[in-house]
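In structure tokens below, several structures.
Each of the two complexes below includes chain A, the first together with chain B, the second together with chain C.
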Partner chain A sequence: MMHQAPTDMTVAAAGPRAGQGYLSLQGLTKRYHDFLAVEAIDLDVAQGEFVALLGPSGCGKTTTLRMIAGLVPTSGGRIVVAGQDLTAVPPHKRDMGLVFQSYALFPHMTIAQNVAFGLEMRRLPRMEIAARVAEAVAMVRLEGREDRRPAQLSGGQQQRVALARALVVRPSILLFDEPLSNLDAKLREEMRSEIREIQQRLGTTALFVTHDQDEALTMSDRIVVMSHGRIEQIGRPEDLYERPATPFVARFVGRTNRFTGNAHGTTIRLGDLAVRAATQRSGPVEVMIRPHRVALAAAGCVPADGLNSVTGIVRRTTYSGDFVQYLVDADGLTFMVEEATVGHGRIAPAGTAVTLTWAPADTLVYEAAP
Partner chain B sequence: MTAAAISKVSGRDADFGAAPIALMLLVPITIVNLIGFVLPVANLAILSVSEVRSSGAMTGGWSMAKWLLVATDPFYWELLWNSVRTSLVITALTLAVSYPIALYLHRSTGLWRNALLVMVISPLLLSAVVRTYGWIAILSDQGLVNQGLMALGASEPVRLMFNLTGVTIGLTEILMPYMIVALLAGLGRLDPRVEEAAATLGAPPWRVFVRIVLPLSLPGIALGSLLTFVLAISSFITPKLLGGGRVFLLATEVYDQAMVTLDWPLAATLSIIVLLVFGVALALYGRILRSIG
Partner chain C sequence: MDERPISPILKILAAVGFLFLLAPVLIVVPLSFSGEVFMAFPPESWSLRWYAAIAENEKMLAAFLFSLKLATAVTAVNLFVAVPAAYALVRLAPRGGDAMMGFFTAPLLLPSIVLGLAMLIVFSRAGLLATPQGMFVAHLVVTLPYTLRVIATALSTLPIAVEEAAATLGASPVTVFRRVTLPMMVPGMIAAGSLSFLVSFDEVVLSLFMSGPRLSTLPVEMYNHVENRADPLVAAVSVLLVVFTLVAVVVVDRSLGLAKTFVR
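This part shows the complex of A and B:
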């Protein structure tokens, strides 16, 4: 069943028109016996665009990437790059660069030999190979380590070698299969900006598979959210976050309050509580409210006109530096509220009576799942 | 904190703790090897320089006669060369026929892989004698191969037995399981992702094989070849039966000298020479392993 967008705002589709992309997936399908791993996916990516495939494990994102690389045969649909149908072309003739989660460096070759491999396969002259290897090694800041073996490098360095090896051939499309999952948190953030910066500098079209929403939000021009082999939503990071098309997207991207209720026009009953939304709806619904969209004030404050307002008691307060998270019990419901810490702002301790307010437009309403 | 946790925290203590345990575990096998291997070899070395009368009885004195004989008689040099060459040919053939099987096994998964593994290893459950008789049934003048050839109109049977050809065919098949298992162990470090990476970088399948699969399986090739060579040069049942006394190799000569001629010192001398060949093969293996890193 299709969910409807919670607002009637037309989402500005930043991507190319259907079938017009530099990379165009048309009805791409993968079936394993009775199991549909990827179900008729349509996606168009513009040249130079950075698109993330985001979803939980088993959602078909990696299978999609591997079909594009030619490592997994398709069960249906087409893969078109720059107007050329590559669906039946073997991987070594696809001219794509793939960066693996496990790096997949050649353990018996030096760093320089690893990076040179793709150029040797293209039978470039020795001089040019040497020059381009040096350039690629410099780009990932590994000068002086050309003669080491992969096992002698740290995980982050190995992943930079893998990046250089994929980039040096100037592939038509750069594919990333969860490349940062094996790195520790700090290194991961460094690598994010490094990959993004290099990709933008070279203007390479990139498809990036990840299950990490932060990675997808911070790196991508557009994000494709996948679930159970299907695309839930395609959009810019802010579209996905502010206007999630389905409850799945709302849950998967960012934190959210989730309630079930009954809609009558713009009014929704959540148990004993009545809240207002910006859209008309009737019947059973699922309601999502982003925790940072809810403002918290001392009980008794008079809310501005038109805002939703709920009174409750703070059950728990969690301070985490840049924001404070409150769990507030109100009329049998528990609200998660997040407030940015501003200077010496007061932090409401547990037990404080508070008023929660938010705009009707921030009440995201979805038809309840059957 | 438990003792195990403590030893994990401080590496130095762990070293002190682990070394004596490893040494203690080595004690039984060391004793067995002393009695079962080192002592007999020492005994052989002594025997090879013992003086004997023409009747074969030992005098209790010392003599370098057998070593001198082996060093000066071209027959023994030829014997050595024959054995080494035949074993090398068998090793090369075994590698050539086992490699595709090992690679296929490495790539297969699940029940099919287990079934194949059983099929590869099960010949080891049969004695080499039985398997050699099987080869006689196939290779003899009235065997399967020659019957087939005659049916196709050949006028004379092809000599496949009582010569080096038969010995080579028989030993190659008999030694294949060892080679396959060694190759499989070596292929364990071949990550399919690495092959995929090579393919996406523009390498067609045959170049992936030459540049990635083959170099990464070299340690397995070296180990399998060492095993096969050593087993080939020391086997005597198959050369004896398929060679029919017309194929002279070091191992069969040791048997003949010890059991037929009863010249124990000569048999001991030849045994020590086989041992020296092992040593050379092992040293070579070590060098190859170091050079492929």
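This part shows the complex of A and C:
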């Protein structure tokens, strides 16, 4: 399945050139019997960069991460860090930090002993270990709890211990496997910014696995969207959101209107409706329009030149604080429209006749799935 | 921790069950304080004479000491063998591992009388009958399946991510085992150890086959005693054993939670 970028504004990938990254995955593959869990992944991550691996459950994120950590043998491809091929190096010699969803703390050790473990493995002098443990414990704001056991801490505190334990050895790369999934929503948001802040302060290269698009969008320098063991798109959060490379990315990252139609040049017929796109295409296509890219005005408003314009009736209005979502019936299609709420904003109630407008460039056109 | 009301029928059933299990104790305890020369229930007079008699019965004391040493040695060797074996079967998951586990635990399925007969034939040829070595091997055969099972179960419930975390922090496989896996296995090892100790200490059938005029275990000696004489001495021994076992179980349970290791 090959998809083409929907617009001609192809964004230069912000990351390092192929094979030049501090962390470089080259054709990384994992096969379980005849099932391809990870299929020839190429990824380059710059030093100090925070990259999220985003995708639905079962798409191969964990497997990729575990291959990088050396916990799962590869079936093909190479893992290179700082120019050194680590593909065949056992996990305890890879110098990577891994933070698990389940925290995976040592239950029989105190917090201080947990954090000190990696330093002891590196045979550092006792004084230095003590100093660095104290520093790491302070960094995750757990001073005074050094002598507790993991079972005596809350989930959020345990995950902060896991973070400190991985960070204290100053690993070449910090790997996270859905570290926030077991925490409640509020704590999760706090931890997001805490992890991001610490990672930026230390300049550690980080790879963060998640199935939560908000997490990926808010934390990352770049996001790798995966599906069925393959990379769908690599890009900055705004690239993925505004210019999804494939229908999968458009659906998975953010909300979207989805229609099927027929393209003739820049004009696309969606049932009785004709809309314009910025790219030339012909034949059956899939069309996506982001709800926040559509403007809603009272019926009869004359749209600015060159904009797509559709008239319809509001079927449902949902107020959700920072934005209002409308479902608008227009010529047999239903459009989802989202408008940011402004202080004095007037909200169109259900039944209002409205005109919807959007720019041709916001009509994202993809080859129809076969 | 929801406290649901327990139905009266369930309470009655539980009470009957307990009564059934405890009935022997209810007979044996009064019997042990009997002042009579014969076992008769209820006793017509009371005394501590049978407890005093234990101290003078050298055969009984020797058998007790031998049982104690035997159970200790058997338990030590059990753990020494079962921990690495369980680790290999569970963590390294070799091809045919399930079949091997089945093979190692097969003695649990054989009636001990069959096992005893087989050993009698083999051991008599090897000159091991009525020797401490023969007794030791026989007990090892019947206890190892329990130990292996309990430790393998305990090991398979340990989260493997903890060991992986240790590896990513720079611990070699040997260090991971020593610093992380082994300490986390301690509760399972204590449970398996107490089980093997009690099974060995309690074993009668095999011990009967393996014992001789100068070598017997406590249960065998008690059996012999009852065969020859009908005095309440064995009742007094039994009460001491019950107390001894109870103390051991309470200590283990208090320190680790026996239920947690067995119920899974």
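Simple rule for what comes next: the second predicted complex is superposed on the first by the 370 of 370 C-alpha atoms of A that agree within 3 Å, B and C clash if a C-alpha of one lies under 4 Å from a C-alpha of the other, contacts with A are read in each partner's own complex, and residues count from 1 in each chain.
As a working rule, a contact is a pair of C-beta atoms (placed from the backbone, for glycine too) under 8 Å apart; a residue touches a chain by one contact, two chains touch by 3 or more.
Since the model is a prediction, treat every value here as computed from it, not as a measurement.
Chemist: Quick one: on chain A, after the overlay, do chain B and chain C clash, or do they fit? Just give me the call.
Modeler: clash
Chemist: Applying the touch criterion given at the start, work out whether A:108 contacts chain B, chain C, both or neither, answering first, second, both or neither.
Modeler: It touches chain B and chain C both.
Chemist: Under the stated touch criterion, which partner chain does A:169 make contact with: chain B (first), chain C (second), both, or neither?
Modeler: Both: A:169 reaches chain B and chain C.
Chemist: Considering only touches as defined above, state whether A:121 meets chain B (first), chain C (second), both or neither.
Modeler: both
Chemist: Which partner does A:316 contact after superposing on A: first (chain B), second (chain C), both, neither?
Modeler: In the superposition, A:316 contacts neither chain B nor chain C.
Chemist: Taking the superposition as given, does A:94 touch the first partner, chain B, the second, chain C, both, or neither?
Modeler: A:94: touches chain B and chain C.
Chemist: Based on the A-chain superposition described above, do chain B and chain C contact any of the same residues on chain A, and if so which?
Modeler: On chain A, the overlap between the chain B and chain C contacts is residues 69-71, 90-98, 100, 102, 104-108, 117-118, 121-122, 162, 165-166, 169.
Chemist: Please name which positions on chain A make contact with chain C in the complex.
Modeler: 69-71, 90-98, 100, 102, 104-108, 117-118, 121-122, 162, 165-166, 169
Chemist: Name, in rising order, each residue of chain A that touches chain B in their complex.
Modeler: Residue positions touching the partner: 69-71, 90-98, 100, 102, 104-108, 117-118, 121-122, 149, 162, 165-166, 169, 175.
Chemist: Spell out the residues on chain C that touch chain A in their complex, using ranges where they run on.
Modeler: Residue positions touching the partner: 159, 161-162, 164-173, 175-176, 179-180, 183-184, 186.
Chemist: Considering only the defined contacts, which chain B positions touch chain A in the complex?
Modeler: Residue positions touching the partner: 189, 191, 193-194, 196-205, 207, 211-212, 215-216, 292-293.
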